[in-house]
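Two complexes are shown next, each including subunit A; its partner changes from subunit B in the first to subunit C in the second.
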Partner chain A sequence: MDMETLLSYEWSMMAPEFTILIIATVLSLVDLFADKKIDRKLFGWFGAAGIGIALFFLFSQIGHEPAMILANTYRLDAFSLSFKILLLIGALLVLLMGVSYEAKGELLYRGEFYYLLMSALLGAMMMASSADLITLFVGLELLSISSYILAGTRKKSTQSNEAAMKYVINGGISSAFTLFGLSYIYGLTGSTNLADISREISNIAPENGLVLLSVAFILTFVGLAFKISTVPFQMWAPDVYQGAPIPVTVFLSVVSKTAGFVIILRVLLSVFPFAQGLEANTSLLQSMMIFISVLAGITMIAGNTVALKQRNIKRLFAYSSIAHAGYLLVPFVAFSEMMFESMWFYLAAYLLMNIGAFAVIQVMSEHSHSEDISIFAGLFYRRPWMAVMMTIFLLSLAGIPGTAGFIGKLNIFIGALFSDPSRYILAAVMMGTTVISYFYYFGVMAQMFMRPSGSAVPIRMPVGVTIAMVFCAAGTITLGLFPGVVLDFFQTQFNFAEMFY
Partner chain B sequence: MSGELFAFLVLALLAILGGILMLNLTKVIHMLLSLVLTFLAIAGLYVLLSAEFVAIAQVLIYSGAITIIMIFGIMLTRHNDTQKTKGNRTRNMVVGAGVVLFFFTMYFSINQVSFGDQATSLHVENTKQIGIELYSKYIIPFELMSVVLLVSLVGAIILAKRDDEEEAEQK
Partner chain C sequence: MMDWLTLMIFSPLIGILILSVQSAERKTVSLTGILATVLPLLLSLVVYAQFHGGGNLGVSHGWINFGGGMFQANYELGIDGFSLLLILLTTIVSTLSASVAAAQIKQGLKAYFLWFLILEIGMLGVFTAENLILFFIFFEITLVPMFFLIGRWGFVEREKAAYSFLIYNGLGSAILLILFAAIFAKTGTTNIEELKAIMASSEAVSEEFRYGSMLALLVAFGVKLPIVPLHTWMVRVHVHAPIAVVMIHAGILLKIGAYGLINFGLGIFGDQFAKVAPFIAILGLINLLYGAFLAFVQNELKSVFAYSSVSHMGIVLLGVAAMNEAGIQGAIFQTLSHGLIAALLFLLVGIIHQRTHTTKLSSLGGLAKRMPLAAGFLLAAAMASLGLPGMSGFVSEFMAFLGLFETMPWIAAIGTLGIIMTAVYILRAVLGVTYGKTIKAFTGMYDLTRIEMIPAAALLALIVLIGIYPAIITHTLQLTLESIMPGIGG
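Now for the complex of A and B:
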């Protein structure tokens, strides 16, 4: 390969990634040379502007023909575009929250926080826009390593240290699982390029390697389940969410989780639908769905029931996010035509409502230096608007009509019932666990509206976190009342068949 | 039994032995040495597969650099250099059963596959081939690796740095 071939690729389509990379590099250099007295919060606004530029590049790419650079090590298609929009918006809101994060003596490494967040975002974006196992794995590791460090930045807190340690060890084990699974896929097909793999894999005779391929499927899925925190790799989530600083917790529960779903969809859907399944005339993906549906069911039940007992608000939301990951696996199992739409929509709704709720939690826990659920007592009488916004987020998380969460759940539900074959049991489990989730979401609401407030100290609301909160509340309501606008845009602009080669 | 199979069996057994010793020894230094045994045995396996470059990288990086850094880490930090493990019979039984089950699953599923004829041209200029692939086809993940390195460096520094002086300045 000579220079000419290398330059003949359309490198400009990597503009969003380059923007984020440049911002991260510039921030790290400025942090090194700038005067110690310069407020590092400026970095946050600079980073936010950078993400804004990257978003602009992304939106200008909508409608671009599917294209790739260097044998699919970078790929631009509807799938990568649509999910990168979610990742960038999520990271933008996390940055805004980070700018306002003021917990006493905790975030000494403010400058590092911003550029580690940027590099984590870069990893997540590469996970969305690659169709080569090597690039996907490097992106995954970039995201993971940055998150391990971010989780441990509250150095004075033993909880944070424990969180980082648990996260590293669990993450290492899960990466080993993923790599072990991927290595068999590579071994059987002789390529790391997903396009080549999908071609080769249909030639594998069932009696020659089918069992190995099923094992590879299970190992890959189990390893990747770590990122989306579903059973069997969910136990890190409560400890890490509790120990990490709140903006990092939000990043892990939203951006990192979205990236996890993206890589699962990309790898599993480009490889296994084309392999011969365990029975005649089925694909291996269909044969393995029973395995994923069992995991999804257990995840929903475990997440929601354990959340009932939690008093610590961050732990409560950790279990709630485990439960939501379970809901998100349902459309994947149902595998209906609406799968991409309903997963994307639910991830978007989850992004808005979860970041919004955590923004309120951040303001309240900084105010009262506690993370107990009682910090919300009497919020309605002190900051009525904030209480109303928190109510919107909680209603949306619970899935009450009029909010984005409801439409998301409805899409998933319909998809599960009308797919072929219908997933009645899974839909029923989802229904039942949603009802269970009302108890703990409404418990927080009861605190806000029905308990008297303990103190009368005015609650300070910094700019960044307020912007994030208002944006999320507006988004949750808009997506809830006019879902058609987004879904129509989605269906006309993004053609997911582009994902297949 | 051909010579290749014999060499494979010896090296594989050494690698597993290293792993088991690593888990069962009590002194940290002994654990490290058994880890080196595993790394070297794996390097030997790479040589058998005609991947000389990977084998040498394995020896240099894993058995050399990483082990040395671990020894430094052990010497520079205060710790008990022996570790007592409490035996839990039920848990060991369950884990053991899991390992055996996993071994048989993998053994039978791999045995089922026929990979066709053995490749004969693997050894031809493999270092050069790796280089060409790395700097042309895989340039994107390669460059991304440099960001991963940067992040790990920054992370190692901020997590290991002592904060005492900085606090004194702030007060």
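Now for the complex of A and C:
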């Protein structure tokens, strides 16, 4: 590749990524050379400003014709744009929470937190835009490796160390699965480029490649299930969520999970709809849906029932986040015209309600140095507005009307029942487990409203986390009452047919 | 044109806003709380006047657009005679319940009223929504405040009752949501009028789907009504929830079940409903008799009235199952009449409990001597409940059975047993409390105060009014019946 080709690329397509990259580099260098006395919290605000700029670039790209650069390995289309918006907003809110995070000297290397977050975000954005298995995997590993370190940033806490260790080992295994599956795809088609693969794969005669392709599908999906924490790779989530510092937990449960869904959609939808399925006139993706739907069902049941037993609020939310990953697989299984809309909207809703809830959890657990759900006792009588916001988040997570979570669930249901064949059983499992989830979400609310509070020490609310909380609460309500604001924007601005080659 | 319906539904918001910035001083909170329920009451009277003045009250705005215009859910409100009457019932009972709460709720009155006003928004919305999605939203909005009202301010086993309420009703609404989503996905609309038209004409929706939908409706609203195997939560709520909340619960929330069955079950899936009518009649019979027999063996006043509610809701089912004008009218009458009677009964139970700190039948007795007025009202309410002519209970039972004798004489004949049982268990419980042996332990007991007289007298007046002049209801109801009857080929 000579200089001329390099310069001929439309580099502005990568402006958001470059912004994040520059911020990450600058932060790491400044952290290295700057005086130790300089408050590293400034890094957080600096990073937040950087994400703001990246968001600005991203919004200016909306409506851009689908295009690829770097020898067709990097792609800008409606799919990548729409999901990158979620990733950036999520990371921005995490950063705001991080600025306010105080953990009694446990977070020794505060600067690290900010630039690792940036590099993880960069990996997630690469995943959204990649059009090649290699780029995709590099993005995935950039995200994963940054997250492994992030999980261990509470260096003196044994829990945090345990979390990081578990995360590394589980992550390594799952990456191996994914890579193994991808290698079959490469072996069968002779290319790592998704566009080439989707062309080649339809030529494979069923008697030659069907078994291998099915194995490839299962291995890839199972490996990627780790990132979205669904069965069979969900067991890391509770331990890691519990051990990691709260902003990192949020990052894992929202940004990293969104990136996981992005990569699943990108790989599976670029490759498998074009392969011959197990029966005539079906695609392999359709044949494999039964497999995913069983996993989704088990995920929802496992997540929601085990959550019932939890007293630790972070573990509880870990199981809740497993359950939500299960819900998010339902539109994928249904595979109707509404799939992207359902998944995107639910991810947006999930982003708001989950980050919001964790923001409240962060304030409360720092206040009382505990993570037991009893820290919420009597919150309504101490900080009524915070209790009201937490109620909004919990109701939204439980899918009660008036909140974003309800519209998201309704959207998923309509899609699942509108598709052919209608996914009645999966919808019923989703609804049934949602009712189970009422127990633990309302349990937290019962603490806030029905129990007397143990202490009267005023609760300190730092700026960053408060901004995140209020933003999420406003967003949850707006998406719940006037979902048209976002749905119309989504429907008019993004044409997902662009995703296919 | 004024959008009176929207204004009415969300008028409790004004109270919520004022309360949330106001000081927590008890007197001001009580006053704001009660006044905040008077506002929707006044607005509902305006709506009543508009309705009879022939004004067009319907509202429709575009709202949510799923799947790029494939699925359009609108904000659509409208009323017919039946829902108008239920709205009036809601606003009246809410105001009375608020005044009871102001007197009886000891702690956290401000939080209580905040939840209570949200509950009222939900109830008003349920009866006004013309769109299944909107209906569901309001339906669920009633769920959350009820959970807290029961769990925070109830009696001993309040939290258990709250969870039991939450899970049963959660399951009911889960079924409802799947059903509504399925209807939406199959027909592309959730507007109730459009659905009626589609179900009446189009062949696009398969027979199996219609039967499935009808049964799903029966279960979902059966939880709410409640139909017998699904009733345990309701008894628990009646016994352990605070009295002011039970007034709302027995008086209005249970009626959502009847409203849903009549409006959606009968209105949208009339043909399928007709085919399972005998089954529904049998369910009604079971409700009637089971409730009556269990009410007979309870030894606590609140449980007696709880099972009595189960029994009386059986009559609603029987009336609906008759599938003729008299039967349905009876069912609707019973819905309204029981709402008033149950509210009055529980109001009195609340007052008795406040004075004596017990509702055990064995520790109550001779109230007629100590509290003559309270005992008098209790007797009157009991008479209304057992269907004494001249009271609203009589009209509704009479019409429901009249209708049923026409179509299913055998079931009706067995059902009359239930009416006899009603007289037996009501008299056993109430006579024991009012006359019976005077219990000496209660000292310093005082009769109804003037403030307490107002809600009791108002409710009793309405009960008697409907009893001697039923036209006051049929006058409003007529239009609804005309719209339901063609749907069932009657």
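We take it that the second predicted complex is superposed on the first by the 500 of 501 C-alpha atoms of A that agree within 3 Å, B and C clash if a C-alpha of one lies under 4 Å from a C-alpha of the other, contacts with A are read in each partner's own complex, and residues count from 1 in each chain.
By definition in this document, a residue touches a chain if its C-beta (ideal position, glycine included) is under 8 Å from a C-beta of that chain, and two chains touch if they have at least 3 such contacts.
As the structure is a computational prediction, the values presented were derived from the model and not from experiment.
Colleague: Since both structures carry subunit A, what do subunit B and subunit C do when superposed there: clash or fit?
Modeller: In the arrangement built by aligning on subunit A, the partners subunit C and subunit B fit side by side.
Colleague: Using the touch definition from the top, say if A:341 reaches subunit B (first), subunit C (second), both or neither.
Modeller: Only subunit C is touched by A:341; subunit B is not.
Colleague: Between subunit B and subunit C, whom does A:52 touch in the aligned arrangement: first, second, both, or neither?
Modeller: After superposition on chain A, A:52 lies in contact with neither partner.
Colleague: With the two complexes superposed on chain A, say which partner A:153 touches: subunit B (first), subunit C (second), both, or neither.
Modeller: A:153 sits against subunit B, while subunit C stays out of touch.
Colleague: Identify the partner contact of A:380: answer first if only subunit B is touched, second if only subunit C is, both if each is, neither if none is.
Modeller: Second partner only.
Colleague: Between subunit B (first) and subunit C (second), which, if any, makes contact with A:232: first, second, both or neither?
Modeller: In the superposition, A:232 contacts neither subunit B nor subunit C.
Colleague: With both complexes superposed on chain A, which partner does A:21 reach: first (subunit B), second (subunit C), both or neither?
Modeller: first
Colleague: Pick one for A:484: touches subunit B only (first), subunit C only (second), both, or neither.
Modeller: A:484 sits against subunit C, while subunit B stays out of touch.
Colleague: Given the overlay on chain A, how many degrees, to the nearest 10, lie between subunit B and subunit C at the CA centre of subunit A?
Modeller: 140
Colleague: Just how close are subunit B and subunit C at their nearest CA atoms in the overlay, in Å?
Modeller: Scanning every C-alpha pair, the shortest subunit B to subunit C distance is 36 Å.
Colleague: In their shared complex, at which residues does subunit A touch subunit C?
Modeller: 337-338, 341, 380, 395, 400-402, 406-407, 409-411, 413-418, 422, 424, 427-428, 431-432, 434-435, 438-439, 442, 445-446, 449-450, 483-484, 487-488, 491
Colleague: Per the contact definition, I'd like the list of subunit B residues that touch subunit A in the complex.
Modeller: Interface residues on subunit B, with respect to subunit A: 105-106, 108-110, 112-114, 132, 136-141, 144-145, 147-148, 150-152, 154-155, 158-159, 163, 166.
Colleague: Going by the contact rule at the top, pick out the subunit A residues touching subunit B in the complex.
Modeller: Those residues of subunit A that touch subunit B are 1, 6, 21, 24, 28, 69-71, 73-74, 108-109, 112, 115-116, 119, 122-123, 126, 130, 132, 134-135, 138-139, 141-142, 145-146, 148-149, 152-153, 155, 164, 188, 207-212, 214-215.
Colleague: What part of subunit C is in contact with subunit A in the complex they form?
Modeller: Per the stated touch rule, the residues are 62-71, 111, 133, 136-138, 140-141, 143-144, 147-148, 151-152, 159, 162-163, 166-167, 170-171, 174-175, 177-178, 181-182, 184-186.
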